[in-house]
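Letters A, B, C and D name the chains as they come in the text, with residue numbers starting at 1 for each one.
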Amino acid sequence: MATPQFKQLRHSYGFDDVAIVPGDVTINPDQTNIDFKVEGFTFSIPVIASAMDAVTDVNFAILMSKLGGLAVLNLEGLQTRYDNPQAILSQIAQASDAEITPLLQKVYSQPIKENLIAERIQAIKKVGAVCAVSVAPANTKRFAPIAAEAKADIFIVQSTVTSARHISKSYRGLIFSELRKSIPMPIIVGNCVSYSACLELMRTGIAGVLVGVGPGAACTTREVLGVGVPQITATMDCAAARDEYQRESGKYVPIITDGGFRKGGHLCKAFAAGADAVMIGSILAQAKEAPGLGYHWGMSHPHPAHPRRTRIKVGTTGSREQILIGPASVTDGSQNLVGAVRTALGICGVRTIQEMHKVEMVVAPSITTEGKWWQLSSH
Amino acid sequence: MATPQFKQLRHSYGFDDVAIVPGDVTINPDQTNIDFKVEGFTFSIPVIASAMDAVTDVNFAILMSKLGGLAVLNLEGLQTRYDNPQAILSQIAQASDAEITPLLQKVYSQPIKENLIAERIQAIKKVGAVCAVSVAPANTKRFAPIAAEAKADIFIVQSTVTSARHISKSYRGLIFSELRKSIPMPIIVGNCVSYSACLELMRTGIAGVLVGVGPGAACTTREVLGVGVPQITATMDCAAARDEYQRESGKYVPIITDGGFRKGGHLCKAFAAGADAVMIGSILAQAKEAPGLGYHWGMSHPHPAHPRRTRIKVGTTGSREQILIGPASVTDGSQNLVGAVRTALGICGVRTIQEMHKVEMVVAPSITTEGKWWQLSSH
Amino acid sequence: MATPQFKQLRHSYGFDDVAIVPGDVTINPDQTNIDFKVEGFTFSIPVIASAMDAVTDVNFAILMSKLGGLAVLNLEGLQTRYDNPQAILSQIAQASDAEITPLLQKVYSQPIKENLIAERIQAIKKVGAVCAVSVAPANTKRFAPIAAEAKADIFIVQSTVTSARHISKSYRGLIFSELRKSIPMPIIVGNCVSYSACLELMRTGIAGVLVGVGPGAACTTREVLGVGVPQITATMDCAAARDEYQRESGKYVPIITDGGFRKGGHLCKAFAAGADAVMIGSILAQAKEAPGLGYHWGMSHPHPAHPRRTRIKVGTTGSREQILIGPASVTDGSQNLVGAVRTALGICGVRTIQEMHKVEMVVAPSITTEGKWWQLSSH
Amino acid sequence: MATPQFKQLRHSYGFDDVAIVPGDVTINPDQTNIDFKVEGFTFSIPVIASAMDAVTDVNFAILMSKLGGLAVLNLEGLQTRYDNPQAILSQIAQASDAEITPLLQKVYSQPIKENLIAERIQAIKKVGAVCAVSVAPANTKRFAPIAAEAKADIFIVQSTVTSARHISKSYRGLIFSELRKSIPMPIIVGNCVSYSACLELMRTGIAGVLVGVGPGAACTTREVLGVGVPQITATMDCAAARDEYQRESGKYVPIITDGGFRKGGHLCKAFAAGADAVMIGSILAQAKEAPGLGYHWGMSHPHPAHPRRTRIKVGTTGSREQILIGPASVTDGSQNLVGAVRTALGICGVRTIQEMHKVEMVVAPSITTEGKWWQLSSH
């Protein structure tokens, strides 16, 4: 009998499956530099706020830029459908559980106003903040020129899974190399999770790649479609693509791990896995300045194979600044994310995010539900 | 001392242990073709309803055929024991928990009426639907000629574990190569889970193989007998047998993964593991048209080593059409199964089920019970 | 820098970590032969009742022998300390939780009466039943001659871990090769879990080996001492030792997997791992004829490093015969253990326990707590 | 396409992921010698009490020394900030949950009094006990001469992660080879977890290394920073460094596994992994003589990236002597730790801790939450 040729499966890992090994040298956290650079822009903190209506509006984009990071305004959300999105956000926060699904369906069925796209971008730009905007691939050709005209700084094309080549009978697929020539802004594209998909995206000449499909074990994409790769493996594989692309082209295209973060340790592990920056949504929706007013909801377009939008109460735990820069007022690792990253770099004895890519990680048993009193530290 | 020769154990995986890696190309779901072919029959959706009394009766077999799939009528269930099975189904649904075990024992101890076999088959056939029927190996010689006479289209021989060679002192084992010659219908046989057992079954000349013994970690066969292989590994191994059999014979014999499905993601993973079609029971028992009226029960013959029949309340979540074709009214992935399969193919950049067999999967950490708010997607 | 020489750890597996792969052939269960042989004795069922006071007394030893199995009378338990042990067993069953610990300490501090050893053995022998007795290593020299004199059939020396060589300053270690010459009965020794320890025990000329230290993930030995090997790995390793010993000596010394069993599937897996017989306690303590009257407690001698005795309510689920031979009245796999073993052999296509040693097993995901309705079988 | 160069991850294991394999020989526990030696000092039990205010004060340091072990006085805790620390300890124990955080912040903000350092050391020394003291790296240059002057016996430099080379702009890093020349005491340094970091620390000429960063899956360092290695792997790797250092230098530098212990089995496994001694805190805080009066809290310095101090109620389970030497009054393995270690050595057939380093361990399935009645032992 011939040797059976069974399909082979690689093992993959998420944030809670791994741990970072400290270094042979230690460095004071204040000696670290955690700059994130993307095609001409340098951010002093490598954290990007998601393009979600409960997370990013004009005010927050400005605040995030001041703190040294970046926020992404979703050009297909409430901000560009309503002159006064605050009123809609209040309605969402005040709706009962029974009212919320039809309300969300209704408010997102309003048409996008092109003049509001320009208005929102200009409101961010006029105070000197960096302005990043996002659209889905299908609307890119329509909105990219408007964003370019309004002088947005960074243009993001994002869907659950975006590939360099999309095959459709209803419209011609988006060609990123053509898009790149048609607008003057750096283009970031996502999401992807594999070495080859990431490498192919980079070869189109884009400025950055968003990494993450089905992050976290329980996410909808994995439940409904079975598709997804846990974020540590996805980040490691796309980092390998980035390094390969640098070898072949001489160009360093950063990768941004997007999704699944719940605490500082997760950010540190993403950087150790190879991320250049992280995109976070839910943790920031817990800020008292968040447009979501203590609630959060997904931005996916309704799709017959996808569940509908759900609103979730995330609560309010502190200010945006506390969450990003500290001091922490909670002990679960969801605040002072930047301090955690700097401290982890110091403990690993590295000075930059790129050096952090090389530190050792181990697969560690997942978190138990046993009590924690024996974990107190004497030092 | 000699080197100890320890028994070696391979690792095996179930639906919740793996995840599908998206492709380098993406395709619009409407560009996919998910046909399932078995010896002269082509079904436009690769979904088969189980031969269980709570799932398939004449009406449903017709409905399933109209939707493009297939349903299997169990020739040893209530439909062939009672002129009016609806009355018995109502009794089962209305029985109290205390009454149910003796009631099930009683209703299944009625003799099978051969005239009803013909009647049920003809009722399905007369409206132009495809009719598949199933019997246990021990009754195959008795019922196969009746089913053939009544012009059933597809004949299924199914037990917990069916092998090409069964050794018994009380009756001569069923020889599938002989059966194949004696009846004009394609024969599908199951269940099996290993490469060698599947290959041996295929070599008898049958038209298809059902895959799955003890699917799911908590199933009775695994509890009581310790026997079973998780469905992803079982499917991958039998797919390897199918491919080997094609190499040696030139004939492509499809495999049908049977059992353990709870949501769309599970179907997508079965196809990525190598299934040509899937057989589902419990999800369909939740349909408002289901004969089980919101209840479900196993069809195993009472056996001293097996637990007795148990009735379980599954509830009613939507119409058969919603469950199969959508739109989904629930968010747990148990509806619009076909849409999920098409979307997964699109995300993987493949056009057919057979191309789906080649997509990459990873072993991913199993589903956690942690909250889900950080899983909301911006895209 | 030299390559670090890290300590290597093998993976080990327990009953719930593995599953048996069905065979390429199937056999009717009534065609199987599950005889267990140990030095001149043949038992028609390969099940031995533990030497525990809640499990085995004279009556049960007789019953077990009639059913074709074997029960072991503990010569250091209540049966040999009290003329009327039933009275003590009643007290234990009726004691409150507050009273039980001092009561157990008190009743086991009574001296062992040598005349009762002979009396109990003769009571079993006079009705023609096979009589097996057990003692701890430290008392072997004292009680072995008494058991021999009373014509016990099989002599078992058992402690948590027993090795071929024990080093002590207070007494000269037990030499099994000498013991074997001094008494006419077959000697079974345990417990051990590793290849080398098992092989060394076999080389002393004993008739059988008990396998199992710290069976089950939560057992006391593993909690308090960190010592133990899960039963599937322990059985596979000791089976390798048995096979090696047969190669070097021509003698087949059976191994008996002892401990951790909760249901039929566990027995089937032990045999697939290489066991010749299984020793069960707790499942049998649930019988209505059990001396423990619905309670169960450990027999370990109090030891400063061990927790004290604890009484546990196991309840009463059926008769001994139901538990062993069926028919089952419960659906959790804890009844009709013998039927489960025969059915598993049939599904694997093997006729004997020794052929069962060669069937394939896989590492399978551990049992989940998710609902079970999707596990119902159509066949 | 070039072969992708993915980052590689080793697997790591904690106490509950492994089990010890019994030996081929067994030894009576009273034949074992569990001495722990560190540069001229010999302790008859290899257990060190942590430098935590809820665990070690002058009285306990004396008691621990009498029992044959060692306790470490934290020179930056309450004992050196207050003339009467008992009053503060009472306040902490009596504070309400609302009061505790500000209270802990307040009491630890009092300055350290250098005269109290000398006083505490002399109080321990004057009764003939061995005195070990600890400081953080940043305060080492200031407090080391005072401890030396007061004739402390052993000097410990401890922080979450301590490396041989620390880079800081605010102060010149501590050079252990210089420190060693400046004070006459043996120096123990920690914590570290990797082969290379441990080896580099040993090459500075220190007397011992503390092993453990983020022990336990749920510890704060792993949550907030993502940094840590489970203790079995950390101990095995540092043991490999110790053995390598002995090969290159001829000097045996012991390693002390610190943190994460909850029961006797954990200690036994640490020794089997290669530890020469263990440092425990929380289990000892449960003693009725503990300064914490049934409470326990971490000693970490407040840090923007770290959660603040939390007080946890651990309760009081027995005397220090019961916990260390027995007899045990509880059944969870948290008492008679020394008896457990001796018994484990005996079961493994080894006489010393260093022989214990060589016993086999296996990766074993983690502890389940299933009931335990089937775990009772007949022997």
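In the analysis below, a contact is a pair of C-beta atoms (placed from the backbone, for glycine too) under 8 Å apart; a residue touches a chain by one contact, two chains touch by 3 or more.
Everything numeric in this text was worked out from a predicted model, so none of it was measured.
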item	value
Interface numbering overlap (same over half, different under half) for subunit A and subunit D	different
Rigid-body rotation angle, subunit C and subunit B, from Cα fit (steps of 5°)	90
Subunit C and subunit D, separation of their C-alpha mean positions in angstrom	40
Computed distance of Cα centres, subunit D from subunit B, in Å	56
Per-residue overlap in subunit A, given as positions that touch at least 2 other chains	13, 196, 366
For the subunit A and subunit B complex, residues of the former touching the latter	1-2, 4-7, 9-14, 16-17, 50-52, 74, 134, 136, 158-170, 190-194, 196-197, 200, 213-230, 233, 258-262, 281-283, 296-300, 303-308, 310, 312, 314, 366
Subunit B-facing residues of subunit C, complex	13, 15, 18-31, 195-196, 199, 236-237, 239-241, 243-244, 247, 263-269, 272-274, 326-328, 330-333, 336, 339-340, 342-344, 347-349, 360-368, 370, 372-379
